[in-house]
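Heads up, the next two complexes both have chain A, just with different partners, chain B and then chain C.
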Partner chain A sequence: MKKANFYSGLLALLLGVLLLSGCETEHRFIKKVSFKGGNQIVVVFAGPVDQRWAENRDNYAVYEKPDPDILLSITEVQLSQDRRTVTLTFEDELNQDQPHIVSMRQIMSEGRSLGTAIVTAKKLYFGHLFSILIGAMIIHNFVFTKYLGLCVFFGTSQKKSTAVGMGITFTIVMVASAMMSWFLYQFVLKPFRLDFLQIIVFIGLVSLSVQAVDTILRKINPVLFKAFGVYLVLVIANCIILAVPLILADNEYNAMESLMLAVGAGTGFLIALFLMSSVREKLEIANVPPTYRGLPIAFVVAGLFALAFMGFSGMSIF
Partner chain B sequence: MPVTKKTNAQLFFNGILNENPIFRLALSMCPAVGISTSLMNGLLLGIAVLFVQVASSCTIAAIKDYIHPRIRIPTYTLTIATWVTVIDLSLAAFVPEAYKAMGIFVKLIVAFAIITMRLEMFAAKNPVVPSFWDGLGMGLGFTFGMMTLGFVRELLGAGTLFGHDVLGTRPLLFFILPAAGFFCVGFIMAIFNYVELVFNRIKKKS
Partner chain C sequence: MDPMLIKLAFGGLAVLGCIGLIFGIGLGLAAHKFAVEINPKIEEVKEVLAGAQ
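Right after this comes the complex of A and B.
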């Protein structure tokens, strides 16, 4: 019964997150904006627009979301037969990993002005989320390509069982604290212009969520608590748990993207710990020179892993 | 309350050699591996850590009698976070290029185990003056470690020091690769271990 309550609570939380990420500001007259081919963006309107307005290139301004200063040059504007679809052709290939902002000045429809519209062209949403997840997990693995969380990484990777326990505990706390810091950053720090308090607020939240997970786990599932409770203290000392909220704040991720990054960072850490502990268990019985015993050889092994993970760099999914 | 009996000079050198945070205690490894690609980066982050360590050591040593033991860890964390915010904003304002190169690591000084550990082990039990020297020693020890790594990696990887061309060639390009940070730390740790081994052998003989 208790378990059912717990799961329904989790489900409600997930739904809430999904709904929150759903609300985005778009213009009511525009139905769809999407990429087409390598260098085209298609805009679908709800009703017919005036030909004179639509075919004037100066009415459109398109740029990549991170660089609003660099306007992309449009070579051709095409209006479809029913006057509802406009195809913008660009001089250069578009970098479709970045969301593109399309701003349209004073849309004219049937002689009436409908105001200026600023809309975003993005790749398929789930593909985007998936690429964030895999990116954080493997391509930009926090341990082997960003070099974060190394103290805990070397401290808890001696045995496989410890490594898995630590990895799971870490992922749970990571998700909880990342979601809380996303919420606080978007709805408190940013509106009140308190971003300079980032560090203080995030580190406070991390300690808070560790304490919260500790208390909740103790009440809900004492067996699980016995297995993972010891690792909770170590989580605070891990810099990944602080790095993820900072990255979220820097990249202005929305709730779903934040969740994916947090899950990816957690599982990436778990993968790294598991790989490392498998090697270190074998190292125990190997004949290592006395000066290299313990940490130095562990560092060399981690270096080899890092070299292997470099092979993933530059990969992109979708 | 056990007050340390070491002199200020002993405290100072303790941090640099005997308990060097990077090579002996193996704490705060992330920046040691991540951004030790050049001497300049090492120096700047070292100074940032030195500042945070000394400032928070002094702060905690000054207010330790008013902190309830139960909330001491959160108090330490918040003190460190405050000083890190100070240095983070200052670096962003005065040396924007170097700040960009160091990326997220300046903000992550908060999570460095070495600073919290020194507060818990030393500053919380000692008056302000010894805490200052201890913090200074630890900070300099960290700077020394970072600069050693930066020196080796920049010299071997790019053939330069502080951006000036020294060797004229790039003897081992491998060392400038991000992954080489792990190898470099491993090798230098092994050298420290070797020196210790030799010292012990000499001691045993005499």
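Right after this comes the complex of A and C.
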């Protein structure tokens, strides 16, 4: 009992640290950066800034995170009465689905320079996380819109029970390996400029986490281990589990975003497996032409599901 | 060859080697800690059986 308390405390601490690390802004003098209306960004400073610095448009450079070479043109800079809030107005509507980088040159506050600040304006942080989760789960479902992980998908979707077992195992392994690969990518591969080796490292990590789950589960919960059976090893052969670390390395996600992407991809795969296995159980008793029995009709069903999931495409949350 | 590239290659070897070593030790310890006793008779019986399947 005491041990369980200890572990849950540790988990809560870890989650707290992750949340805090996601919410901080990147410069000590800047309290908040946020979107306002359709074409404005508001920057809140911790202290008053100099009027001459603040109203010079050349001190600001704003761009969308994926395209650093396209600077957005600022039409107006407004400083509030207490000189702590700057409102930047842009010529065009801002695409608020993308995080925007606001770079401010040599911030002057009461005659002192506070250095250059590069901060990110994002939509509501939890909304952003939620949209990553739902996006990976349904809108960009890895099986039905990206056609990844198909061999495991067709191999284990014959029965509902095995499908659900596979989905749950997959989600657990996915979260473990995605978090490890995020850590390695951010703190080992990038500082040593070895990011071209990411595929090799990620493959190793996936097999490591599968092996670790295998060893630990065998001892801790033999019943569950028996139920998972061969699927645990099959997870290694799944390409979704390799796609997720590559996507999060590509998009430079932080820890919370990576966690959300991994959980979303795992549950998305679980949903896909569950839907498919329900249909295939019904197909067993249906009158299918002999040439189509088995795998061919399963491919047809998967195609129909993919069409249905196309209905979600282009949706955005928040 | 560019010395930068050689440095990068050896650095990569060292880093990946370290990662592999750490994970190998970790897995080894885990296998030791979570070892499951398997009845040796299972193997012996399997040896004796025909084993066509």
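To be clear about the criterion, the second predicted complex is superposed on the first by the 297 of 318 C-alpha atoms of A that agree within 3 Å, B and C clash if a C-alpha of one lies under 4 Å from a C-alpha of the other, contacts with A are read in each partner's own complex, and residues count from 1 in each chain.
As a convention for this text, a contact is a pair of C-beta atoms (placed from the backbone, for glycine too) under 8 Å apart; a residue touches a chain by one contact, two chains touch by 3 or more.
This structure is a prediction, so every number in the text was calculated from the model and none was measured.
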Which partner does A:Leu148 contact after superposing on A: first (chain B), second (chain C), both, neither?
first
One more residue to check, A:Lys219. First (chain B), second (chain C), both or neither?
second
With both complexes overlaid on chain A, does A:Ala61 touch chain B (first), chain C (second), both or neither?
neither
In the overlaid three-chain picture, which partner chain does A:Thr291 touch, first (chain B) or second (chain C), both, or neither?
first
For A:Leu194, select first, second, both or neither according to whether it touches chain B, chain C, the two together, or no partner.
second
After lining up the shared chain so the two structures overlap, which partner does A:Leu307 touch, if you call chain B first and chain C second: first, second, both or neither?
first
For A:Leu184, using the defined touch cut-off, is the partner it touches chain B, chain C, both, or neither? Pick first, second, both or neither.
second
Go through the superposed model and pick first if A:Ala243 touches only chain B, second if only chain C, both, or neither.
first
Please tell me which partner, chain B or chain C, touches more residues of chain A.
B
Which chain A residues are contacted by chain C in one complex and by chain B in the other?
197, 200, 204
Along chain C, where are the residues that touch chain A in the complex?
8, 11-12, 15-16, 19-20, 23, 26-27, 30-31, 34-36
Considering the complex alone, what residue numbers of chain A touch chain C?
184, 188, 192-194, 197, 200-201, 204, 208, 211-212, 215-216, 218-220, 222
Residue set of chain A touching chain B in the complex reads 144-151, 154, 196-200, 203-204, 207, 236-239, 241-243, 246-247, 290-293, 295-300, 302-303, 306-307, 309-310
Can you tell me which positions in chain B touch chain A when the two form their complex?
26-30, 33-34, 73-74, 77-78, 81-82, 84-85, 88-89, 104, 107-108, 110-113, 116, 177-183, 185-187, 189-191, 193-194, 197
